[in-house]
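There are structures below to look over.
Shared chain: chain A. Partners: chain B in the first complex, chain C in the second.
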Partner chain A sequence: MMACKGFIFKKGETSLHRLDPRVKFLISLSFVVCSLLYEELLVLAILALAMVPLALKGGVFREWLSALKGLSFLALLIFAINLAFIFFGSGKPWDFPVAMALRFIVVVSAFSLFFLVTSPDEFGLALQQSRIPFDVVFALTMAFRFVPVLALEVQSIADAQRSKGLELDSGNFLMRVKRRIPLLIPLIVSSVKRSLEIAEAMEARGYGSGRPRTSMYKLNFKRVDLAVTLLTLTLLTLTVLLRLYLPTPAFKPF
Partner chain B sequence: MLKAYETSLASVFAALTALGAYVYIPLPLTPIPVTLQTFFIYLSALILGGRLAALSQALYVLLGCLGLPVFAGGKAGIGVLFGPTGGYLAAFIPAAYVAGRVCKAGRPLRTLTGLTTATIIIYAGGTLQLWILMNTIYGEGLGFMEALTLGVLPFIPGDTLKIFLAFLASKSRSIESLRVRLSNLQG
Partner chain C sequence: MIVLEEVDYVYPNGFQALRGVSLTIREGAFLAIMGRSGAGKTTLIKHLNGLLKPSRGRVTVDGVDTRKATVAQLSRKVGIVFQNPDHQLFAETVEEEIAFPLKNFGFTPSEMRERIDWVLKLFNLERYRHHSPLSLSGGEKKRVAMASIVAWKPKYLVLDEPTLGQDRENKLKLRKLFQEFRRENRTVVMVTHDVEFAAECGFDVALLADGKILASGSAREVLSKPKLLEEASLTAPQLVELFLKLGSPKPVFTVEEAERLILNLAGRG
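Entry: the complex of A and B
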């Protein structure tokens, strides 16, 4: 659950925090698109390094690094799988496994950067003002906030069951699976109860009253936002054009 | 418009499926890992019923598409939906719906049939997309039987286990009482 920490908003007053959330999303998305277009190690390394000044600028470098650390195991896994494929004769160059692991890191850490400098409220506001119905936005932001909460819940249930003498880390594979059942049932029961409590709180605050909802804050697109958007779009177009006109191996987006 | 408890239940099950994606066992020679996601899909169907279960899975897929690391092994982004594992993810939604419609408390045979049907729907959606992708973009010329060995066979033991786990869990007293509480809300 280390990676989870790299996705939780960190309060700040930097210029990155003040950007419009839609612009920030565009930046993260551009990183993802660029990384999917290329499978050359050099380009992917440049993309990964380009995120470092952004993370520093947003004052979230440490959190961003912890997201990377949480991902390192999966990145290694991707590296190993691709290496195995080369041994089985996939005919890829030798730097391909490194490039694939790097691509995974670029994709996930780009989103991690976005969520580190965008508060859930801002995120919801951005979705809402993109004309997505309020119900959906609300459910999405709620689910988004539930994930780390439930992850902590699993930990405390595991601790509670361990203190009652449940051995989670011994026995063969089937035994281990069987011993996970006492974790799953309390998790489900407690999360359903929690969600019913939340539903009561929602109703107490007038959820579902049927009248159109107003919001206290409005997002406004400032001049800086426009400038950053144009810059991002230019860079993105350039990378796509480069990809199209430079002689490279056949296009494989995944 | 959804009622408040419907919204909160759907989002909590979306979050549970997301959590299930982190319990992740990669298999050799296939791009699809074994995860606990399907277990939570079965349970959402058993506890919430068809409509809400489908809604919760739709929320889950949407969450991942927006860039949160909720897909198997912390992957994210709309690209995953068009990748080799995307078909499975998209099939979660109809699978949850069908399982929720077919399963019925106190009818074990019907419940097991519903869960098995859901698994078959997930396999079908996933393998179809895997097969199409392998033959078009990757140009590997994968036969349909080979696609089955990549996309279905390695997962049968795990999914059988998960179906039984979900079935047993749904019969536990605490979850039974939750279901009664929820049906009172709906009634």
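Entry: the complex of A and C
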């Protein structure tokens, strides 16, 4: 629940918000690429820390943290699995599990940051103007736009079931999973129902009429956008080059 | 007795939905909470079983502060039927759906069967016993949702907009049910827009507007004050309005009252 808040657009007037959505996507993507290139704890830690000033700049630090907190459980799981592999002789260094958990955190928080400062409409426009077929774009933006609706719905379903004596916060892991079935089924049923209704309502308003679609707004790529793009690409290239031509300082216990 | 004392509630996003709400719900009371949509009615009833805890003030259920008990404990006494049945129904069969809370509250199998038989009959759902609740019509789903709560006989029954989207026949059934509850001296709190229905079923009324209680009292008192109703964006029952317009000295509530009055006047004239 709390994690949802970390992926929902938060209105704002910061310089990060004003960037072209494609540039914001490039920044987030760069973080992801860099984190996938390195397995070293130090580099991944730097990447994670580098996101802090960005989150602060966008005025979404609290929301960004709640995304991290919400997903810390999964990070722990990744840590545990990697630790187990080492135990069974994967031959990785001992800081590898921490690095993998950190990599997960970097990837997740890069996406969180992107969604926090990019409105669903902007996101849609960006996709649309990148010549991806409109149906695909539309499906994506709808999915994206309905996240907050779904979050509210989960809340209201949980309220109804808790009022019937369902305990969500006690018991062991398996019991907790099982107790979420009364939440999951209504959520799926009402989502499917809603999507069918929306589809009908859209067709009734001319969706898929076959004519070329027009659009009301156009994205414009400003000078700042260009500057930030160049900066990001430079940093990204440097990181890739470093990875290719520098021997990585592997941690060797002996 | 459920007592709300000076309750404020602020949602996490900073929106204040309740402002200094004080309300006492006595045992055996029939209370309708009325007001326009967005007035804070649902927010208010979520305080009755501790789903929401007041940001300021206090809510007690039979003397127990809702902050000091779990939702499950409070729900045993305070059964809330929420508005949207699609947010509740999940079981394979109607029978299982009704059994779900009974299992949560630790009823024995024989008690369970007895309660299920009883509510299926009460809500006229017997023939759907082994059907999937998801395959039913809107009105039937609403009845299943209600049945699953009535089944554990909560001391306080709370209903959010039970008449919304229900036809005349279903409303009549609901009215019958309320009559039965009244005989058993049970407590019913109902959220509704439906002034006629609240008046017909003999509920007291608390008017809510912008998170504040504007007025509370018998339906007769509250619903015959057009000014007050206007403030809460409700309209008086048509009959009340008509007789006020005609200059009747006291408000007329039921068709029978109106009939008597008219016959009297006609007889005299």
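Note that the second predicted complex is superposed on the first by the 201 of 254 C-alpha atoms of A that agree within 3 Å, B and C clash if a C-alpha of one lies under 4 Å from a C-alpha of the other, contacts with A are read in each partner's own complex, and residues count from 1 in each chain.
One rule holds in what follows: a contact is a pair of C-beta atoms (placed from the backbone, for glycine too) under 8 Å apart; a residue touches a chain by one contact, two chains touch by 3 or more.
All figures in this text were calculated on a predicted structure; none of them were measured in a lab.
With both structures placed on the common chain, the touch criterion links A:Gln129 to neither chain B nor chain C. Contacts of A:Asn82 after superposition: neither chain B nor chain C is touched.
In the superposed pair of complexes, A:Phe146 makes contact with chain B only, with no contact to chain C. Of the two partner chains, chain C is the only one that A:Gln161 touches; chain B does not reach it.
Legend: residue contacts after superposition of the two complexes on their common chain; A:Phe7 is shown touching chain B, with no touch to chain C.
In the superposition on chain A, contact of A:Leu71 is made with chain B only, not with chain C. By the touch criterion defined above, A:Ile181 lies against chain B and chain C together after alignment on the C-alpha atoms of chain A.
Touched residues of chain A, counted separately for chain B and chain C, are more numerous for B. Of the two partner chains, chain B is the only one that A:Ala199 touches; chain C does not reach it. Judged by the touch definition given at the top, the superposed model places A:Gly208 against chain B, while chain C stays out of reach. Residues 181, 184-186, 189, 193 of chain A contact both chain B in one complex and chain C in the other.
Those residues of chain A lying in contact with chain C across their complex are 153, 156-157, 159-167, 181-182, 184-186, 189-190, 193. Partner chain A is touched in their complex by these residues of chain C: 46, 49, 51, 70-72, 75-76, 79-80, 82, 84, 86-90, 100-101, 104-105, 134, 148-149. Those residues of chain B that touch chain A in the complex are listed here as 1-5, 7-12, 14-16, 18-19, 22, 26, 28-29, 39, 43, 47, 55, 59-60, 62-63, 66-70, 73-77, 79, 82-84, 133, 137-139, 161, 165, 168-169, 172, 174-175, 178, 181-182, 185. Of all the residues in chain A, the ones that touch chain B in their complex are 1, 3, 7, 25, 28-29, 32, 36, 70-71, 74, 77, 81, 84, 88, 104, 107-108, 111-112, 114-115, 135-136, 138-140, 142-144, 146-147, 149-151, 154, 177, 181, 184-189, 191-196, 198-200, 202-203, 207-208, 210, 250, 252-254.
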